[in-house]
Structure formats: structure tokens, C-alpha cells
Amino acid sequence: MHLLKELCSIQAPSGNEEPLKDFLLDYIRKNAASWSHQPTVYTSDDLQDCIVLAFGNPRTAVFAHMDSIGFTVAYNNHLHPIGSPYAKDGYRLVGKDSNGDVDGVLKIEEEEWILDAGRIIDRGTELTFKPNFREEGDFILTPYLDDRLGVWTALKLAETLENGIIAFTCWEEHGGGSVAYLARWIYETFHVKQSLICDITWVTAGVEAGKGVAISMRDRMIPRKKYVNKIIELTRQSGIPFQLEVEGAGASDGRELQLSAYPWDWCFIGAPEKDAHTPDECVHKQDIESMLALYKYLMEKL
Amino acid sequence: MHLLKELCSIQAPSGNEEPLKDFLLDYIRKNAASWSHQPTVYTSDDLQDCIVLAFGNPRTAVFAHMDSIGFTVAYNNHLHPIGSPYAKDGYRLVGKDSNGDVDGVLKIEEEEWILDAGRIIDRGTELTFKPNFREEGDFILTPYLDDRLGVWTALKLAETLENGIIAFTCWEEHGGGSVAYLARWIYETFHVKQSLICDITWVTAGVEAGKGVAISMRDRMIPRKKYVNKIIELTRQSGIPFQLEVEGAGASDGRELQLSAYPWDWCFIGAPEKDAHTPDECVHKQDIESMLALYKYLMEKL
Amino acid sequence: MHLLKELCSIQAPSGNEEPLKDFLLDYIRKNAASWSHQPTVYTSDDLQDCIVLAFGNPRTAVFAHMDSIGFTVAYNNHLHPIGSPYAKDGYRLVGKDSNGDVDGVLKIEEEEWILDAGRIIDRGTELTFKPNFREEGDFILTPYLDDRLGVWTALKLAETLENGIIAFTCWEEHGGGSVAYLARWIYETFHVKQSLICDITWVTAGVEAGKGVAISMRDRMIPRKKYVNKIIELTRQSGIPFQLEVEGAGASDGRELQLSAYPWDWCFIGAPEKDAHTPDECVHKQDIESMLALYKYLMEKL
């Protein structure tokens, strides 16, 4: 879990994914030689800070988002949300501005969020939860499992992937902004239009920790039934533990695929977590295992 | 009205339009020979479950959505909305899961929607209002006039259409997802960018049943004035009864055209109904007549 | 300020930008000969009512929206908003319908907006605030500085621009509808993907009148940090007075670029105003000066 810990310690909220992109490009450079199959690595200003890996003759694309939720410093240390962070008095927030490292504490005063840091922080500075990776029994706890665990899963998948695309995306937590052009570019370049959304979901009344990876039949958006049914049918044959999720809220990179000008099918598949968007995001290790196993299986069968 | 009754009995909520698509392809196969002009029928996985009919040298495209509102079964028979159904204690809902037909009753408990069906229904099962087609005097009452009446109008229009496109679309009731790619594909293939949104609107303070088809000057979205004015001007010359609608809420497939990456003009034209999104959607027969007459007229003149 | 006054007197709410388009085409025809460099003027039905000016070898595009907020007359003089106008009892609203000029007064009754005009106005008629241009000391007050001041800035920029694109856009105040296709067309035609959003922002706790043009680091949307930082760095070197803005709400044409299927970078740069979306929008003259100066500077350096 060393790689996951490293991924969870990198500050890269929506709009500033560059540090994670640089880490990933470096990781790929160092590790790809040991992978079963060599991908073509696409990175250019026409993909902004996204990275696309193309293996063999791809039929399906995996989308994992690099960005995390966070906070932007406005005036006099007042904060605006990046995405939808859960805010609680006392949370430790870190960042960097022209005066050096920032390490402060979130205060909530009359519903306003303010950083207590002993000095005025530069406008526009981004803050994220202070890294705090823990293994506790069957569980991993850390800020930003959403979606560094998706990124981790995609990197592990890359080790043996023969045919397929892996796309590392931006802005997922804050309304989107990269998947629309990736949807166009991947469709036009590879004529691929099947996708899996490699992201983290919630423990709820219907989805428990430790019971297997969740296949989402819908969230706020509704994917094409035929495609989701095909995935469920394949998964049943695999023997991999899984749970069916049916929610009325929440969205993912699948939303941008759904609304794009290209006929993408999408299905969200990911481990469930407790305490989403807090510093204590918590996932059961067995759900991580079944998530990775299912991605390996589906990328072969779909 | 046998065809309309049949259309209103097919279960095809947003995301699972395949049953209606299959019915339409079968209907077209059986009936197109008797039409005045033979269309090219486009149906392929690049259009997902949409169907496009192209007649002659098209200048204008008609969009009619196949999907309906409905409900998705979540955990322990709790329900999430597909689109925005009106929910009332006692509504009959039907569907099908791995154990066979589902026929239950909607219960509302503490603002939660629950299906009372005597057994636990499979997660992800879709439910729709139980078919109940009625002719009562001047009116037709049935679930899903929205938008099976639009589909019916498009099929009737097809009987004599010489030049034009008819597109049967998906996901209209649930945030869209097909018109964005149809907008691209039709524009690129035919360079058509004029459209009519063949859908059902509401009886309101300003639009009455029996007074003629409604031409919407705006809803939540605002179409280009010049295009709407041209349509109103043509309609005045036609002698067909019509009403001008001006709303601040509601949206249609026109919304996706408005926001698409192609310069589409759009105008919503449809019969007004009472009790929208209930099992008792109700339209005046004369408004159906003027709706069809206006589509025939405009597709020639525009 | 004669040109600005003229621009602020033209009625062109979202969806009916044609009058302003016609004015601009006429202005460009009459004035372009005196500009340092001659642009290619793009105007065609494939751009609807937008205008694009292309100078030299463009690297960056400036977007200024032509439309304003306003009101649509519904039934019995009830009004629906176009965009988000501020409404107050007694505001003078003007327009034109089949019976001639409309000049009425806004009344608010039980949260409904109604036009008091002595007669029933045609459905669909658009109303805007009555023109009322004032210079008061250091300030300009008038309805529709948002965004006629952006349009004015773009026209002044055109006088000396050597390389760059200026796009006059539609529907910005009402959810968008033109920037999505401009984003595609400009990217495909010129491979330009850098942009500046030439629009008006708000005086707030952090941004004061008279302290210089505002560079927005974020609003409801979050642009790519790397691009915004580059602009701030260049601006620091310029010596032009400016202020950094950080907001959690509000959006602009930048939103459509962010969500488009092309990898656009965008940054909002504009003078701050008091009393936005009222008949008394108010901007400090020095902020207009620094806004124009910064556009000239950045279009050279970026």
C-alpha cells in the first residue's frame, strides 16, 4: 500500500492536477518496462493535465480522476469549497503560498469557513486535508481515497492490461471539464465508446463495507440499461464478490460521458467508502481487492 | 388511435428505451412501404437506442423522445425517480424482474416512496405507471402521452413527409444524453440545423385544452427569437389553430440542442396536456389534430 | 464614451442579439479601415448571431457577450426573467410589440412580476431596462455595462490588435448556447485554445471600485491554475493596476469553455461593478482604463 499512501499525500485539487500528473508520468516512466504490455502514453497540451494510456487494440476505456476536493482561500482567509468537502471545526488544512507552507485549522463562524493560520494567506491558494494515511485492521483510512484509490487501481490494472485505455482525468469533483474533450478525442482516435468509471462510492443502507466492489446501476444519472446489465451478467460469471448499487444522487465522470456529443456507454464500478469527503475516508481492504480483480476481468471480457 | 394506445403501453423509461426502439423499427419495417416517400433508416450502435429517419433532402429535423418518466427500485422496495414523476399514494406501478412480473402500489411514508408488491423486487428494476388508455369525449387520457403522442405524431408525419429528418431520442426525461450526439451527427451528416421539438406541454393560465397546438416562445431555455418568429409567421398563414406559450420553467430536447457544439435553432411545438407526469395525462383530440397538421405544414414550408 | 453610451442603448436580451449584431457589423464596416490591422470578419448562419474577428496569427481568443438580462412578457403582462435581473417595484421597462413601443413600470405583487403599461402586451415580447446613461464624477452608471463594456473594450482592443481573435457571443446571461459551438469552430479553424473572458464582475469585500481591473482566480467554476498563474505573472510585470478576485459563485462564458469538448484554457478579466443587473450598474472610469490596457498587453504577451 506504499503507492496508495504516496498518491494520497499529493496535493492536487480540481484545477491544479499538475502535481499528480507529474507524479504519474514519473511513475509510468519508471515502471512501465515491467508491465506485461507497453502502452502508448498520451500527454500534451491538447489534453491539458490529463494522461491517456492506450494498450493494444482497445475496446473499453477506464476513467480515474486525479483531482480531489479542497478549499480556495478568498479574502482574509475566508474559504470557498472546491467540489463538496465536508467541513468541520478543527480539520487541519495544508497548502503553500508565496510566504511558504500553510498549515492551519478550519473554523466555522456563522456558516462561513475561515482558516486559522496565524497570518493572511495569499488569495487563490488551494488547501487540502493534511495527509494522514492509516491502516487499521481490515480498513484503510486517509483523506482522498476518492479518487486516489481509483488512480491506484488503474495503475495496478496497467501492469497486466493487454487491450484497453486508461484515462486520468481532471475537475471531476468540481463540475467537470476534461472528460468532455477526452470523450471526443478517444472516440475519434480509437472509436472506443465503452467505459468503466473507476471511482469510489458510498457505504449506504444497501451497500456495506467488506461485501465487495459496488456496481452502480444508477446515481443522479442513468446509464444505458443494456450496457449495465451486460456488465452485471459478466460479473456474476466471474465469482468476484460484488454489490449492486442504486442511488438517486451523486455523479461521476460518467455524467460528462452521458452528456457528451459521442455515444458513450458508461458504468460506475468502485469500492464503497465511509465518511466521504472528510479526512477519514475509509475503505475495506477486501473491497479494494475485488475492485482490482473486477477491473482486470472486465477489461478482458467486455 | 390504436397505434397511440399501443405506444402508450410499452415500458421504456429513460435509459431503457430499447423496447420502444424495437417496436418502432418493427412498425417502420411493416409500414414504410405505404408511405409517400421512403426514408433511409439509421440505427446502429453509434446511435445507441435512437432511430433517425432521413427523407429526401432534409432542411429540418423533428425530435420526439421515446423515453418516459418512471421509478427505479433501490433497496427494500424503496424507489428513486426516473425524471420527475408525480407521486401519489395508491398509483399502480408495473415492471419485471428476475422473479417475473411486478404489479404493485406506490406508498409514500415519511416522504420516501416505497413499492407495496408482496415481495422484495430486484435492485435496479424499472417501474412505470400501469397502462390505462381511455377515450372520454373530446379527450384522451393515459399515462405517457408525454411523449408517445410526439412519437405518434412523428410516425403520422412520416406517412407523407418528402424532405426532412425524424429523430427518436432517449433520456429526455432524465437530463438528456442522446440529443448531444444526434446534434453532432445530423449536423455533420446532413448539415441540417433547424429543428422542431415534437413533445407535449402543459395546460396553464395561458394555454388551454382544445384551443390548438402550442408553439412555445420559451421555457426555462430561450430559443433564438428570429427562428421562433419565422415559425409563428408561417403558422399564422396556415390557418391551423394554435396558441403561443411563454413559460419560465420546463425544458425539452431543445435544451440539449441549445447547449450543443453545433448552431442549432429549435422550437418546441406540441399539444398541451393536463396532469402531466401522472397516470392521467390528458390531451384534447383537436389539439392532436392541429399538432399533426402543423408539423406537416411546417416541414414543407420551413 | 459616446460609443459605450450607444452600445448601452441597444435592446438585445439573450436570444435576440440580432440588433446588437447588426450594430456591430455596421460599426466594424465603418471603422475597421482605421484599425492598425485588418481582421477577417466571420458572420454566417453557422455562427447564428455571433461575430468572430480574426487578426493575424491568433494565439488567444477574447470572448465578450452581446446579450443582456431582461424580461419576457407571458400572459396578462406577467413577466419571466431573462437571465437573473434584479427586480424592484418601479423600474422602467421598455420594448416593442405589434402595437408599437412599450414603456411600462415593473410591479411586484405576491412575488409575481407584472408590467404596468396601460394595455396588454403581446406574448413573448422582450423588455429591458430603459436606457439611462450617466457620467457622475469618476463613475459611469447605466443599465447593461454588463456586458456592453466588455463589447466596448473588445472594439477598442480591435483598433490596434495584431494577432488574436475577438468573439462576440450570445445567451451568456441565460445559461449559454453559443460558446459551445464557437469553442469547437475556433479550435478547429485556428487551433486556438487560450481565452480571456472580457466581461464585468462585482464589487465585493475583496474587490473595490477604482483599484484596477479584476483578474478572477475562480468563480463557480475553477479554471486551470497554471494558465491563471501565467496571466497573473505577466500582469505583475506590466505595471497595470489590477486586483485578484476569488469567488464561489457566478459564472461566465468561461463556463461553457470549461465544459466544452475542446481543451480550452480561460481566465475572466474585467472591471468590477456595483449594483449588477440593475438599471444602475456602476463602474469606475479608472477600472475601464486598466481593463483595456490589460487586454492590449496580454493579447501581445500571451
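We just call them A, B and C in the order they show up, numbering each chain from 1.
Quick note on the criterion: a contact is a pair of C-beta atoms (placed from the backbone, for glycine too) under 8 Å apart; a residue touches a chain by one contact, two chains touch by 3 or more.
Bear in mind that the values here come from a model prediction, so they are computed numbers and not experimental data.
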| item | value |
| --- | --- |
| Arrangement of touching chains [line / ring / star / complete / other] | complete |
| Relative orientation of copies chain A and chain B, as a Cα rotation angle in degrees, nearest 5 | 120 |
| Centroid spacing, where centroids are CA-atom means, of chain A and chain C in whole angstrom | 36 |
| Overlap residues in chain A, where contacts from two or more other chains coincide | 260-261 |
| Chain C residues touching chain A - in the complex, by the definition given at the top | 193, 204-206, 217-218, 220-226, 228, 244-248, 258-263, 265 |
| Chain C partner contacts - residues on chain A that touch it in the complex | 14-16, 18, 45-49, 72-76, 80-82, 123-124, 126, 171, 174-178, 180-181, 183-184, 256, 260-261 |
